[in-house]
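If you scroll down you'll find the structure; I have some questions about it.
Per-chain numbering from 1; labels A, B, C and D assigned in written order.
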Amino acid sequence: MSIRLDTTVGALKLANPVLAASGTFGYGLDLLEFCPPESLGAIVTKGLSPRPRRGNPTPRIVETAAGMINAIGLQNVGVEAFCREALPELRARGAVVVVNVFGERMEEYLEVIGRCEGEDGLAGYELNVSCPNVTAGGMEFGHDPAPLERLTAMCRAATRRPLWVKLSPNAPDLVATARAALAGGADALTLINTMRAMAIDADARRPVLANGCGGLSGPAIKPIALRMVWEVHKALPGVPIVGIGGIETGRDVVEFLLAGASAVQIGTAIFRDPVAPLRIVAELESFCEEHEVAHVAELTGGLQWR
Amino acid sequence: MTHNGGGMIARRDLTVRIAARTDLSPTCFRFILETAEEIAAVPGQFGMVTCGAGFDPLLRRALSIAGVARREGVTRVELMVKEVGRGTNLLRHATVGSTLRLLAPLGNGFTLAPVEGTCLGLVAGGIGLPPVLFAAERLAARNVAFDLYVGAASGGELLDVERCRAAAIAVGGDLVLTTDDGSAGEHGFVTAALQRRLDGGQRYGRLLACGPNPMLAALTRLARERALAAELSLEEPMACGVGVCLGCVVELEDGRYVASCKEGPVFSVDRLAARWWP
Amino acid sequence: MSIRLDTTVGALKLANPVLAASGTFGYGLDLLEFCPPESLGAIVTKGLSPRPRRGNPTPRIVETAAGMINAIGLQNVGVEAFCREALPELRARGAVVVVNVFGERMEEYLEVIGRCEGEDGLAGYELNVSCPNVTAGGMEFGHDPAPLERLTAMCRAATRRPLWVKLSPNAPDLVATARAALAGGADALTLINTMRAMAIDADARRPVLANGCGGLSGPAIKPIALRMVWEVHKALPGVPIVGIGGIETGRDVVEFLLAGASAVQIGTAIFRDPVAPLRIVAELESFCEEHEVAHVAELTGGLQWR
Amino acid sequence: MTHNGGGMIARRDLTVRIAARTDLSPTCFRFILETAEEIAAVPGQFGMVTCGAGFDPLLRRALSIAGVARREGVTRVELMVKEVGRGTNLLRHATVGSTLRLLAPLGNGFTLAPVEGTCLGLVAGGIGLPPVLFAAERLAARNVAFDLYVGAASGGELLDVERCRAAAIAVGGDLVLTTDDGSAGEHGFVTAALQRRLDGGQRYGRLLACGPNPMLAALTRLARERALAAELSLEEPMACGVGVCLGCVVELEDGRYVASCKEGPVFSVDRLAARWWP
């Protein structure tokens, strides 16, 4: 049987539902010999700000049980360098590129989008309104429905490209923020970003991370991410969801699709295995073969409540 | 920001067999990993090694390559590991004959080119030895002269002394051993032994060093005070080893944070930010 | 050096800060040869309701990466059977017993407390307002400050014994619920309960658990629990906190104490290791010896922000 | 609700050495675990075994005790394991000579007392064999008569046939082998073979069985239809194995959920709720 792996996230057609997540795949060109960006459904760039950012002091990462906490602080080369240095090669390769956007103020989101609007070969935007690391960096947008709706609407007005909003699992009311993003004109919701967490060095009596707190990712959070995807899908059926959180295998992807996602992103798994996204595509295809799923899109939302 | 293939040498992620493990000291052991595939590496480059089967520990561990050789269709990669936590504990107890994944070679190595009119100074502290010993053996093979300084907490923690000596002797260089407790070699820190030689008039065209951060800081101060060229192999906590997580950054003198897995782990001291010589 | 392990949670004095958590140690008498209840700081009973409860259908548990999800559905023998059958032996042994109380309505909490007030040898109550498994079973109290304050105040009026409120990590605003519990008269806050989570059987296209969702516990959630303890401690310094979530070692306990807890509870760790709470007391003592901590209570809140 | 010490036999949580592992079939293997400590167990009791070093997998795995013997100061516990997932995969690859923790004996075993005038019927399906074989060997040692029915998916998955035969022969009983695919023994389910014997007039004073749930359901129906005494060893997912998590409950005929690790894993069919014979 030949399996159809293509899917759509809103109006955006993807060759397969497996994407590389923001912040875990650089600008798409670091792992060419393991995972060429054009082989994935899409790649999501490291979060881009109008100007380059240094990020947080070190230590920035710490391993936890089946997970890790990061407080990178959104270090990035800035949208200008991205457009000039990475985008041409991505475009030449035929990669589907989603730009992950963030800013400390609403205008900064618009600056990033404005700069990108001048470029061909970008598939869409993903607004990071949920980064738990930078106090001023999106926290309020992601946690409070009213400003989130305003931010989304402003960005919506600035582009006709697909606009995704990446939700924070730390938000007081996930479904309310999801509704706000949609009310603002989002085409799809990405969930989840990392979960606010902390590690302590008992000897030093200090937080391990220079930033104090950070965001938890990896298999540890998968059961929570899956629940959140399902919860948003149930509350807002028909809304395209990009699922993310601890995905390591093709079977994990199936679970997220069943819970309501149309596509998924692979984050921390890439750190363990540079070929993870491609391996996961292959595993997903095998799963579909074994279970006689002719088209992977059939799985989306296919969970039967008991 | 774009494609880093570890220089000229292709990175690969290979399944390797644990061919042997031998104790080097109460805390350190040697691993010989084998594969039929080809891998090359230069001293200072490292690999990311899986430890354990499940998701805990989650991440690979960064380990410097202590040597690599290919013979009769088999590549042998040598690692020297100190057991300090859960990952290295699992490695210590991994079954000989079982397999690991090794992503290597990563990062940029030491500059091994000879410097007109002087020899090189190689300095290793504790488990900083592997890249330095690898450099020593490569230099010996190319007949580039060097002295080798090796320090450890105590005599029992001096690793592979005979190989160190053989490499130094091959180029007519000195092997200087130091221990913090004086139980073998000169008493005190390895950087102090180096400083005594420098004070005594010894000149080095370039220092190559790896070891614990306090040692590297002392060495950086020394090198900057005396305007010596020096390259350090740094150990930052790493998640990916390939430049995509930005967890392992090192602060440079210009204030930028750069990924040490990609732009390092070997850095020239004159590029490093002031926190390296506090 | 002889280490003082005693601590206080509000007015309640405990011989050591290591407690067995509710729902993971039965009624305290199941593991006598591994972990006698009198050897712990206290034991917290399985959640008790006025009448016996059957709990949820099976499957009720599923393992996840470094964690597990449970949906036991608060099966318990009822407060009457507890008082008659388990309490006498606990009392005879000198165990410090905290009764974990829950109900589907406020009156049920009062019924349980009322029955227990007639008994000697109970150290206090812990209100479970956060169980994510029973739709009607406390969810609203734990998530909404106003009813939580009312519930706490009613229970407060019904007893002079120490009253702890166990907070839900799923609450929209953790600190607001913490404040509500204190406003209602709570002596201490226990945090955290399990995190709402889900596992999906990809082959069957159904949730693994009969209940659909359940609560995530174990090492996977430790970094989140630690962050929450620190957050509440920072917001409400001086308020006694009982920390819980993924604690497996004495070093973990130190981390929770540094983050602001006065005592901790051991839950899922007991399933891996029936002697876990006692082992952890010993490890805690060794840590204090090595670090020259004369009195374990010195550690509480000792975290230095970087 | 109070203290369950596994009946008369003390539970212990012991570090045991993997003394041997042998393949029994393409999917199943035997483990011999050794300790200097004393452990006793009766057929139907089980142990909780650690698998892996980290927190993933997190929980121990429940495994029936297939035999236990003490000789010359060493207790040998036998387990028979089918690799079905990550935990059992880790056990399969654990190094011989390494150690595990074994919490045992847990739960209540089969009733082995003879029944006046009849013999017992022992029925095992697939990896349900270990407690049944243990029962067979104990009964053989006490000279209590039984027939032994052993079913598997195919001939290659019939485990330890010679030991099964020896135990049955020792008491003059029959060994009836069945395979779902007919590749060995009688073709079809083991319960069908049992039913044919019952239809042919064979009588059993008590059936003792372990196997996959569909087999146990078929057996329950059969036993209830014909008013036969029968005891089943059930496999519910377990977190603790000692009665404190309430994850492993089995529904009884009176509607109660009871912890199968504590009140079971062996249950008399007449206590079980209707879902056991749907």
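The working rule: contacts are C-beta pairs under 8 Å (C-beta built on N, C-alpha and C of every residue); 3 or more make two chains touch, one makes a residue touch a chain.
Because the structure is a prediction, the values reported are computed rather than measured.
When the interfaces A-D and C-D are ranked by C-beta pairs in contact, the top one is C-D. The centroid of the Cα atoms in subunit A and the matching centroid in subunit D are 47 Å apart.
Averaging C-alpha coordinates per chain places the centre of subunit A 34 Å away from that of subunit C. Separating the centre of subunit B from that of subunit D, both taken as means of CA atoms, is a distance of 54 Å. Looking at subunit D, residues 54-57 sit in touch with two or more other chains. The set of subunit A residues touching two or more other chains comprises 64-67, 218-220. Viewed as a network of touching protein chains, the structure reduces to a complete graph with every chain in contact with every other.
Subunit B makes touch with subunit A in their complex at residues 1-5, 10-11, 13, 50, 54-60, 101, 103, 236-240, 242-251, 255-257, 262.
Remark: subunit D residues 52-57, 86, 89-90, 93, 95, 98 touch subunit B in the complex. Of all residues in subunit B, only 54-56 touch subunit C in the complex they form. Listed in rising order, the residues of subunit A touching subunit D in the complex are 65-66, 219. In the complex of the two chains, the subunit A residues touching subunit B come out as 23-27, 29-34, 46, 54-55, 57-68, 70, 72, 75, 77, 81, 85-86, 89, 218-220, 248, 268, 270-275.
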